[in-house]
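Next up: some structures, all given as C-alpha cells.
Shared between the two complexes below is chain A, which pairs with chain B and chain C, respectively.
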Partner chain A sequence: MDWSLLLQLTLNGLIVGALYGVVAMSFVLIYKASQVVNFAQGEFLLVGAWVCWWLLTSWQLPFWAGFLVTLAFMTVFGVVLQVVVLRPLIGEPVISVIMATIGLGIFFQALMKWMFGVFAQPFPPIFTTERVTVLGLEVQSVYLLSLAISVLIMLGFWWFFTFSRHGLAMRATAFDQQVAQSLGVSVPRVFAMAWAISAVVSAVAGVVVGVVNGVSSALSFYGIKVFPAVILGGLDSIVGAVLGGIIVGVLENWAQYLDAEWLHWGNMYAIAPFYALILILLIKPYGLFGTQNIERV
Partner chain B sequence: MGEEAPILEAERVSLRFGGVRALTDVSFSVRRGEIFSIIGPNGAGKTSMVNCISGRYRPTEGRIRFEGRDITRLRTNRRAAIGIGRTFQNLALFGHMTVLDNIMVGRHHLLRHGFLTGMLYWFGGAQREEIAHRREVEEIIDFLEIQHVRKAVAGTLPYGLRKRVELARAVALRPKLILLDEPMAGMNLEEKEDMARYILDLNEEWGMTVLMIEHDMGVVMDISHRVMVLDFGKKIAEGAPEAVLADEHVKRAYLGEADEVVSEAPEATEPVAP
Partner chain C sequence: MLAPAGDYRTSYREDMTIFPTRNSRIALWLGIALLCLAPLALGRYELGLLINIGFLGIAALGLNILVGFTGQISIGHAAFFGFGAFASAWLHEVAHIPVALCIPLAGLMTAAVGLVFGAPAARLKGLYLAIATLAAQFILEDFFARAQWFTGGVAGRITEPFTLFGWVADREQSYFYVVLAWTIIMFVAAANLMRTRDGRALVAVRDHYLSAEMMGINLAYYRTLSFGIASFYAGIGGALYAHYLLFVSVEAFNILFSIQFLGMVIIGGLGSVMGSLMGAAFMVLLPEVVQVAADALSGSAIDRALRLGASISFLREMAIGAAIILFLIFEPDGLARRWRLIRAYWKLYPYSH
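On to the complex of A and B.
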C-alpha cells in the first residue's frame, strides 16, 4: 500500500470537499428558505467565475476590484433570478419549479459557452504558486488558500444564522412562513436574500476553483456533486451540507485510490459519490441531519 | 374609553372558500384599550375572523380598518409592523430555536441594523441597539415569568410554558392590538388564572387592546369588556358580557337550549398539531 499517496489524496479530498461543502451550504440555504431544489447551483459557480475572469482579462481590473464587482453582480443576479423566475412559481407544483431551475441551468450553461467559448481559460496569475509542506505532504499554496476561504465562509454562515437579525428571520421563515409573516418578517424579501447570498457564496467557490483549475463549463459539475453531499447531510441541514461535502470530497479521492491501486476500472473518482448517494437513500433517506418528515394519514 | 375612534373596525366582512361561507357580513368595532372577546360554537368563523385581521386570509368582501387606515389588502408582515400582533390556536413556536430567539424574531421589524452595519458591531451602534432590545426582551420575559427557560429550546417546553412563550413573542412586537386565539385552550385552572392575569396586565399596564377568542365562558365573562358572538359565520350578538349571555339567540345557538347554561370545555376546533 502506498500510504503517502493515500494521505495526499485524503488531503486533496478535504480541500475539494470543503468547497463542495460551501456549494452544498448555499444549495441548502435556498432549499431551506424557499423550498426550491435548485438544479442551477453549479451554474452559479460558472457565471460567477466567468464574470470575474472577464473583468480581470478584458477590463484588466486588479483582482480585488474584479472580485468585489463579481460579488455585487451576483447579488443582483440572485435577486433578479428569484424575483423574475421563481417568485411567479410560488404555489406551483414542485415539479414545475424543478423544471424551471433545470431550464435555468441549461440556459446559463449555454449562454456562458456562447459568450466565452468552450475552452478552459486560465485566470491571470494572481497568487504566486508555491509548494508548502504540511505534515510531510506537498501542497500548493492556492489549495490551502481555498481551504481557508471555505472555512471562512462557513464561519460567516454560522455567524449570520446565529447572530444577525436577517439570519434569525430566515430561520423563522424556514420553520413557518405564516407565523414569520405575522411577526413582521417579509417573506419575499427573505427569499430574495437567500438567493442572493447563495449566488454570491457559490460565485466565491467558482472563482476559487477557477483560479486553481481555470474556468470552464466543468465548473457546473460542482452543482451535480452537491446532490450526494446534501442528500448525505440531509436536505435542510446546513451543518449536514458541510459535512456531506467533506465526506463526498474524501470519498471520491479514496475511490480513486482504490481504483488506482487494485480495481483499475477507471473513472471511480467521478462515480463513487453517486454510489454513495444511492446507498444513503436506501439506508437513511432523510440524511444524517435532515428533518424526518413523518406524515400521518 | 371615551368617544375615541375605534382602533379596529370590521365592515361587512365576508369570507368564502368556494361554496363554504366562513363569514357572512360581520361588522364590529373594537375600542382602544378594551378587552374584546369573540365567542361561538366550533366552526363559527372565529379564527377566520382573526385571520382576516392578521392578514392570513383576505376577506372576500368588506373592509377592515386599523386606526382609521384601510388594511384589507395590506400584507401580513406590514400589519405586524403597524401594530397588530397575534398568537395562534395551535401553538406556532419555532420549535428548534431557543425561547430567546423566538422572542427576538418578534422584534424583527423594530431592529434597524442589518447585515452590513451588524458587522461593525462595536462601532455602528448595533451593539447599543442590541442592548436596548435585550433589555426590553428581558422585561417581557420577567413579566411572563419565563426567566428560567429563556435559553431552553422552545420545542422541549411543557405546553403551558409554550403558550406563555408564544404570548411573549407576540408582546415583543409591541403591538397596539394583540389578537389571542384561544390563549387558554388545554390549560388547567391554575394556568388559566395566570394567563387571565397576564392578559389583564397587558391590557391595563402595557396599554394593549386585546381581541381574543376563548371557549372558557368563565374567563370570558370575567375579563372581557365586550363580547361578540358568532354562529355559522354570522354575528348574532354583541355587547357587555352579561347582556350577551342573557340574549335568547345566544342561549339557543351557543349554550344549548332554553336556560340550561353549560360552561363549555375547551375543545380544539381543528386537530391539534402533534
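On to the complex of A and C.
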C-alpha cells in the first residue's frame, strides 16, 4: 500500500469533486426550478471558458474585465436559451425536453469546435503557480484556489436560497408553481433566472478548469460526470448535489488507485462513476437526499 | 385515420389489414418493384446512401419501438448497434458460421445484452432510464476498447462480405438487395407486432402505465421485452453495417451516434413505423445537403471568412443538433405527420373542404 499516493489522490478527488459539486448544483437548480433535465450543462462550461479565453487572448482584456464580460454574456445566454428553446416545450413529454437539451448540447459543442478548433488552448498565465505543502503533500496553488472558489460558490448558493428574495421565490416555485404564482411570483421570470444563474455558475467552473488544465472540448464531459453525482445525491437536493459531486470525485481517484495498484484494467478513472451510477439506480434510485416520488391514481 | 367517405369496414378481418385500400397495396408493390430496379439505374454512391438508410432505418425502428411505442428512452442505442456489428464479425471468424446466418444470430446476441441492461429499465422510466442508458453507452464503449478477443481492440475488426449459396454480395449493386430484403422483413414484422396482443400492451404501457398495470399487463415484463426488441433491431442493423463496410472500428459507436438515432426517431415521428425510415433518410441526407451547400459556397467570401470547407464535420454536427431542436419546437410529431397531411390533401384534392 502506497499511503502517500492514496492521500494525494484523495486530495485531488476532493478538489475535482468540489468542481463536480458546483456543476451538479447548477444542474439541480435548473431541474428544481423548471423540471428540465439539462443534458447541455457541460456545454455551459465549454461556452463560458471559450468566451473568456477569447476575450483574454484576442482582445487582450485584463482577467477581471474578461471574466466579468463572460459572466454578463452567460447571463444573457442562459436567458435566451430558456426563452427561445425551452419555453415552447413546456408541457411536452419528458423525452422531448431531454432531446431538446441534447440537441443544444451537440449544437454548441460543434459550434465551439468550429470557432476555436479542436486543440486544447492554455489560458494566458494569470496567477503565479507555486507549490504549497499541505499536510505533508505538495499541492499547486491553483488547485487550492479552485477549491476555494468552489466553496465560495457553494456558500453563495446557501445565502441566495436562505436569505435573498429571489432565492425564496425560486424555492417557492420549485415547491408548487400555482401557489407561488398566486403569491405574486412570476414563474416565467423564475425559470429564466434559474437558467441564467446556472449558466453563470457553470461558466465560472469552466473558467476555473480552463485556467488549471487549458480549454478544450473535454470540458463538456463535466456535464456527463454530473449525472452520477446528482443521482447519488438525489435529483432535487442541492446539498445532495454537492455531496454527490465530492463522492464521485473521490471515487474516481480511488478507482484509479485500485487500478494502478492491483487491477491494471486501464481507464477505470473515467468509467467507474458509471458503474456506480447503475448500482445506485438499482438500489436507491432517489439517491441520498432526493424526494421519493409517490404516485397515486 | 383519414378514410374516404363510404369506406365502411364490415368485418374484423377487414379492420385489421395493414393496407386498407387496393391503391395502398398497389403502391406498396410498385414501390418494392422500383427499389428492386434501383441498382440498374443508380450509381454506387447513391446506392450506398440507400443502403445506409436501410440499416440505419432498421436500428431506428427498434429505437422507435422502445421510445415511440413503449414510452421508454435509450441514449445508448449506438452501443447496441455496435455490439451487433462486432457480434456478427466475431461469430463468423470464431465459429465459421456463414454470414447470412451471422446476421440474425448477432441480432439475438445483442438482444441478450439488451435484456441485461434492460433489467434496470423494468423499474425505471423517463429521466432515470435516460441516465441509466447513458451509463450503458459508456460502459459498452469501454468494453469495446478493452475486449480485444471480441472487437479486435484499437485496430478494429475486418469482416467478410455477405455470401449466400455461392452468391457474393461484395459490391453496392448486390449488397443493396440484402439490405432491402432485411428492411422489408423487419418493417413488416414491426407493423405486425403492433397489431398483436404484445404490441398493444406496449402502447398501453406508454399511454398510461398505471391503468395498464391494473388491466393485468405485467409492466416489468413488457418494459424489458421492449428493450430486448429494440436491441434485436439494433443488432440486425449493426450486423448489416458491418458486412457493408467490411471493417468495424471501435470508435464509431460513440454517444453522438446514439443521439443521431434518437434524432431519427424524433424527426421521423414517435410511434410511427414508416416514420423511422423517413427519419433515417433525413439523417443520411442531411450531411449531403450540408456538403452540397458548402460546395456551392466554396471559394466565395463567406467560405474564406468562415472556413467552411475545413470544418464540414462540425457543420454537420451542428445541423443535426439544430434539426432535432427545430423539429421538437415546430413539428413534434415528425415527418410522418407531415406525410399524412400531404396525402390527405391530395386524396381530397381539389375539394379539401
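By definition in this document, the second predicted complex is superposed on the first by the 296 of 297 C-alpha atoms of A that agree within 3 Å, B and C clash if a C-alpha of one lies under 4 Å from a C-alpha of the other, contacts with A are read in each partner's own complex, and residues count from 1 in each chain.
Here, contacts are C-beta pairs under 8 Å (C-beta built on N, C-alpha and C of every residue); 3 or more make two chains touch, one makes a residue touch a chain.
Bear in mind that the values here come from a model prediction, so they are computed numbers and not experimental data.
Asker: Once both complexes are superposed via chain A, do chain B and chain C end up clashing or fitting?
Answerer: Aligned on chain A, chain B and chain C fit with no clash.
Asker: Is A:R165 touching the first partner chain B, the second partner chain C, both, or neither of them?
Answerer: So A:R165 only meets chain B here.
Asker: With the two structures laid over each other on chain A, which partner does A:F107 touch: chain B (first), chain C (second), both, or neither?
Answerer: second
Asker: Touching A:N267 in the superposition: chain B (first), chain C (second), both, neither?
Answerer: A:N267: touches chain C, not chain B.
Asker: Check whether A:Q181 is in contact with chain B, with chain C, with both or with neither, and answer first, second, both or neither.
Answerer: first
Asker: Figure out whether A:I95 sits in contact with chain B (first) or chain C (second), or with both, or with neither.
Answerer: It touches chain C, and chain B stays clear.
Asker: I want to verify one number. Taking the Cα centroids, what angle sits at chain A between chain B and chain C, in steps of 10 degrees?
Answerer: For this superposed arrangement the angle is about 90 degrees.
Asker: A:V85 contacts which: chain B (first), chain C (second), both, neither?
Answerer: Only chain C is touched by A:V85; chain B is not.
Asker: Please indicate which partner A:G234 is in contact with in the superposed arrangement: first for chain B, second for chain C, both, or neither.
Answerer: After superposition on chain A, A:G234 lies in contact with neither partner.
Asker: Once the two complexes are aligned on their shared chain, state how close chain B comes to chain C by Cα atoms, in whole Å.
Answerer: Between chain B and chain C, the minimum C-alpha distance equals 18 Å.
Asker: Chain A residues touched by both chain B and chain C?
Answerer: None.
Asker: Can you list the residues on chain A that touch chain C in the complex?
Answerer: Listed in rising order, the residues of chain A that touch chain C are 37, 85, 88-89, 92, 94-96, 98-100, 102-111, 113-114, 224, 227-228, 231, 235, 265-267, 270-271, 274-275, 277-278, 281-282, 285, 295, 297.
Asker: Using the touch definition from the top, list the residues of chain B that touch chain A in their complex.
Answerer: It is residues 54-56, 75-77, 79-81, 85-86, 88, 92, 94-97, 101, 104-106, 108-109, 111, 113-115, 118, 169-170, 173, 274 of chain B that touch chain A.
Asker: Which residues of chain C touch chain A in their complex?
Answerer: 67, 71, 73, 75, 119-120, 123-124, 126-128, 130-132, 134-136, 138-139, 142, 145-146, 210-211, 214, 256, 259, 262-263, 266, 270, 307, 311, 314-318, 320-325, 328-329, 332
Asker: Within the complex, which stretch of chain A touches chain B?
Answerer: Per the touch definition, chain A meets chain B at residues 160, 163-166, 168-169, 171-172, 175-176, 178-187, 296.
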